[in-house]
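Note that chain A is present in both complexes that follow, paired respectively with chain B and with chain C.
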Partner chain A sequence: MKTADMGLWLLAFRLPSAIGLLLAPSFLSLAALAASPDTLFQAGATAYRAADYTQAAEAFRQSVTLQPASGTLQDLGNAEWQRHRTGEAILAWEQALWLDPFNDAARQNLRFARKTAQLEAPELAWYEVISTWLPVNWWAWIAGGSLWLAVGMGALPGLLRRRKATWQQATAALALMVFLLSIPALFGVQTRARIGFALQKDTPLRLTPTLEAQTLTRLAPGDPARWLRSRGRYVLIRTSRAVGWVEQDQLGLTCPKAGKRIG
Partner chain B sequence: MSLMTSQPQIAIAANPTATAAFDPPIVRPGEQAFYRVVFNALEESIEWPGKVPAPAQLEIRPGAHGQILQMAGASLEPRTSFNHRVRAANVGMFTVPEYVVKVYGKPVTVPAALLEVVAAPPAGVRTTPRLMLELPVTNLYVGQAVSVRLAMPGLAGGIVQGLGQPQLTGQGFLVDLGGARQRIEMTTTAGVSLPAFFYETTLTPVMTGKLTVSAQGFTAGNRFSGPIVITGSATIPGGPPQYTLLESDPVELHVRALPTEGELPGFTGGIGRFAVGPPQLVTNVLHVGDPVRLTVTITNHGDGPLARLVAPPPPQVPDWQVFAAHDFTPAQPVLPPRAVVQPDVRTFIVEAGRQPTGGRAVPPVQPGARTVPEAVQGVVAFNYTLIPLTEAARATPPIPFSCFDPDTGSYADLTIPSVPVTVLPGTVPADLQALTQAASTAGEAEKELILHGLAASRGRTAASLVPPQQQAWFPFIQLAPAAAFFGLWNWDRRRRYLEQHPDVVLRRRARRALRRQWRILRRAAQTADAPRFAAAAVSALRVACAPHYPAEPRALVGADVLPLLPEPDRTGRAGEVVHRFFEVTDASNFSTASTNPAELLPLQSYLERVLQQLEDRL
Partner chain C sequence: MMPSLNHLSASSRCARSSHWTGAFRLWTLDFGLSTSLLLGATALAATPEAAPPDTPREFYNAGTRQLAARKLREAEASLESALASQKEQLRPPALYNLGLVRFGQGVEQLKKGPAAKPTLERGQSAAKQADAALHQADEALGGNDLDRMVAAYMRGRGARKELKAATEAVRRALQAHGAVLTRWERASGDFKSAAELNSADSDARHNSEVLDRCIAKLVDSLREMQQCLNGMCDKGNKLSEAVKQLKGRIPAPNMPPGAAGDDEEDEDQPFGPQPGQEEGPSKQGQEMTLSPEQAGWLLDAYKLDSERRLPMGQGPAADPKERSRPTW
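The block that comes next holds the complex of A and B.
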């Protein structure tokens, strides 16, 4: 059978599925258009300007759920702040900086909110400070890319039976240096992912993970804490004042899925 | 201590009592009345029930509550009132039965109260005045101060009372108690001119959204809490006051956030209609390093009060050191807007603590008197200390300043203009640079503490908040280059091995060539193409033997093939087959005698056995 005949036979046999594959993206795009992150973002901004902050926060939150974005998280923080939900506002601004540390407006809003609400910022170790220099998504690619670039520059000339040029050796050394420097930042991203913020007013910090436990202290909304481990619906956190248990719903993590892996 | 001991004691009743009544006791259907319960006890001691046992036909909602201390002999007696708003849709007699409330832990019976709802109530039933809350505007911006007026019209006969403990209740606003004023003046209601008590203060919303404001206060008779201006004719009752708790209808405010679009430099939160006067310097001839004071006046032309306008921060300019003047004082008192009267109206001022005589008549307003609004509601002066740092300065720096005009909904530029000066040589103090640094740092720090507006776009996006290294697919992505490098390394290793063992390559090539010739001879045998079959068979024998000899395959002959066969086959049938194939092909190529290659076709099975033996040796 000739190739052309085989192609026609295949086309006839698989025509329905081929049409389905062609049309599927169209239907998907139509469905997504109804509630795309952009339209939700615009709807939230419109509601915010009309002082309907509840609606604005809802729209921004849905947009973030579909696709996290630094600007959307910044606006979500503004809407939550206008709703007097300090914990949610600070969490949203922290997440905006988590995605884009160059978002100066979110950084200023955080400073403003913490100054206004008399809250402290989370204390970061040196490697965590380094990890805030660039978006968290960059560090993994920088580390992976620089590692394989160094390996490639070191190994490829030998494999290809070519003499190692000076620029290749320099590139390999530079890439290796970048890789080694990015390791602390990668570790900082890992540890920063466990930082959370109290969401509710007067969140009780309990001595044991039980409802009847003694309350050690109460956290203000927006107070930072580090997630240590979880047990049931309680999580063990460390704040600047004490170590204790809170309910999972009362703590919002910068990286929401980090707690599940730790717990 | 002596001041404390000189205060009258608060008498706590051993057996507290309660009174309950409707105000007014007779109303029309749908008309609002107040159900008021009064205790002679402290408010904190009363366990007031959440719901009053009222008839189902009576719509009853909680209202104001408050406590005031009343002079009773040489001591003070607390009086606590609880108001409820009551409305009945139909005509009838409605009784709130007696019920028990715990006061100081003891049960106190609240007596029954009767409300009569009739179609036409008799005239003159109302005995207590009404309290009204008046705001000039209800659509406000956050931070926009607005004057609030509590009005308590007098009763028939021109009797008017003071208001004790006036307060605004609600959430989301601040009340400026320091700027409160009170006065009594004539008002015209339904064509009747009556005196009314007015209490004015300033309200500033601090939250956005819908805010509800209501006012409450106690009728205080002739007791006034501060200076009061009485204009016109009024009768102030004598004797001890009744201290009836009044409340106004709630007023809903719609508060919006200030727009971030179009905000101008130097905005310090001022909302209203302001005008900047010409800046004034003490002298226009300065020396480098000598401070000079700059004064500028801000005039309020708006309807709102000039409440705590904040001076713009000093600018950071290279030729000047400008210090913020925190000692600015109002050139005129900052007061809420009010109406002024013509000079022919006689005005009486009652000082705090001096009670007017009971029933004293105040001269009425002249017929020609009218009230006119003030064009200027207040003036403030901002002072700055400027120090020229170089002789190059030719004018004072402009100081950015702006305000938000609520009427137009936009920001207005009120930048304080520069003033031409002549700067002569002088000496700059050594510590001036340190002051410059400190002022610059403080300015930056203050500038940062604002809530930035909405982001114009979604900004940097990501598939997830989870970083890539915590994603399940990330290790596989990193394995891809590792696999590629491993493949490259393996390929290079194999290549080096083959370079050191070229016979492996020769044998592989021989195997490929043998199989190719094998396929050809089989096809030739199927088609009975004897010459092609014989040629392919000889080629197969040659390429199968080639790796064992350092010669070209085409140069090999049958004698070269035989040593590679097992010993018994060399002289047996296999050897004959090899000889026969070479003979026939050599004869067909080189001999003139005719040959018949067809006779080789039956030998295919023997040939294939030989080829298999040769392949096994490759």
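The block that comes next holds the complex of A and C.
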């Protein structure tokens, strides 16, 4: 399954890497940039079947850069898992679920990976749990649609100088109720966008945002954390154990654009 | 000059240490301490003890006071708490003071622990003695003179004992200096972090440079001790071998007193099992037979407290308290 949802943020996030790839004298990169997302996906799938997981991950990543899709992200996670890059794999599967919460394969892979690597899942607040029930853009559509429906049903009869019918009032009330119910989910989407995952092995969690900082603890790849704020090339994160700083490239956000916006 | 603090009153205190501080600038900062004291003077007069710190600023001030009072462990905890609050303004001065605290801890550990130079000299002296004893043992083993062999044996044993004691002392000194190195490396990191966060903080930069020089000296000393330790271990092994050979060559009647039970293995494992030693026989007796009922009692006795019933009271049963309010 391939969806083009949330394409802009991912494209913005991957743009520097795409430029880097353009400059790199790699044959694959040059060929990949000329290729379409579908071609890249097929190339990745072929490499994956041939057990060339490095090439597969590269192709899937480039395909996702051009066209973010839950299925491609899931495959990217599989390829990264085969490369023993747990952090990257978990991030890819979480991004797959972010785009499509109905992707059961990604969910099962996440569960298996966390059980195998003995990692904990991010702790979600109730409104964040609600936000996982539907794809993130659906909540925006639902909120917008219900609000305009409520406004329309409430205001249009008056503007058209007609008498309000009972069904119109009932529809307005129902739409308003749906709008109000979707607000916590929208808030949950916003807060969930700040959840990230440690990418590297033994990522040091620093007490201060400095090069020679004291190390509070070390994070395993795939450990969840919440982005709080950034300072220079460091980001302040909260994990289940402590609050501290990591380097920006040591943390992958589920929704990378959210990090840029917060920072 | 002290690290600048914006919009907050700060009083500085300069302390000179007698040791290691030829060029080390020891400034401690009381972050708003004078203001706090001024505002809280009446409150302090009313309360016998100052309240434990609660806010990051209070933690910082407490840490600074503890540093001034040389309560280094407490100061470290307080300053770390202040840093953990992630307050931007507190970070550079807290790091600076934390550097001072950890440097001070290292100095204290150095003072308490064995000194490097005498320990090293003792080790070198023991190594020289071992060399001489080895030479004598080689010469004695080359001939058949029994008296020379006994003398070499006695000297070898003495040198080995001294070598062991010196080795242990060097090992202890190595551990102590290693701990100091860890402390100072952390302190240097703190000063560097303070300088990184506040590029105008020349004191922090200066202190980190001085500390790096101290660390370099300490590393040299550690390396020297490690080399000495390795040399002593080698010599100890050779000496043990020579003493063993001498012991094999000297007939039992000619052995000096105390030689029989004074093997190296005995010294190494004074409480360990002897070669050929076996576990003693178990106590003689008959197996106790238990009836199922007795076994049940025994098992009940070992059960956890959750199933153990409390004894009933002997007096009259008391009525429960009357509750005027609903029980929810």
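The rule we apply is simple: the second predicted complex is superposed on the first by the 229 of 263 C-alpha atoms of A that agree within 3 Å, B and C clash if a C-alpha of one lies under 4 Å from a C-alpha of the other, contacts with A are read in each partner's own complex, and residues count from 1 in each chain.
Basically, contacts are C-beta pairs under 8 Å (C-beta built on N, C-alpha and C of every residue); 3 or more make two chains touch, one makes a residue touch a chain.
A quick note: this is a predicted structure, and the numbers were derived from the prediction, not measured.
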Partner chain in contact with A:G144 - chain B first, chain C second, else both or neither: first
Partner chain in contact with A:A213 - chain B first, chain C second, else both or neither: second
Comparison of chain B and chain C by chain A residues contacted: B
Doubly contacted chain A residues - partners chain C and chain B: none
Touching residues on chain A, where the partner in the complex is chain C: 207-214, 236, 243
Complex contact set, residues of chain A against chain B: 37-38, 41, 45, 48-49, 51, 53, 63, 67-72, 74-75, 78, 81-82, 84, 95-96, 98-100, 102-103, 105-106, 108-109, 111-113, 115, 135-137, 139-141, 143-144, 148, 151-152, 155-156, 158-159, 186, 189-190, 193, 254-258, 261
Chain C to chain A touching residues, read off their complex: 80, 83-84, 86, 91, 95, 186, 188-190, 192-193, 196-197
Interface residues, chain B side, partner chain A - complex: 207-209, 255-257, 259, 448-470, 474, 477-478, 481-482, 485, 488-489, 491-492
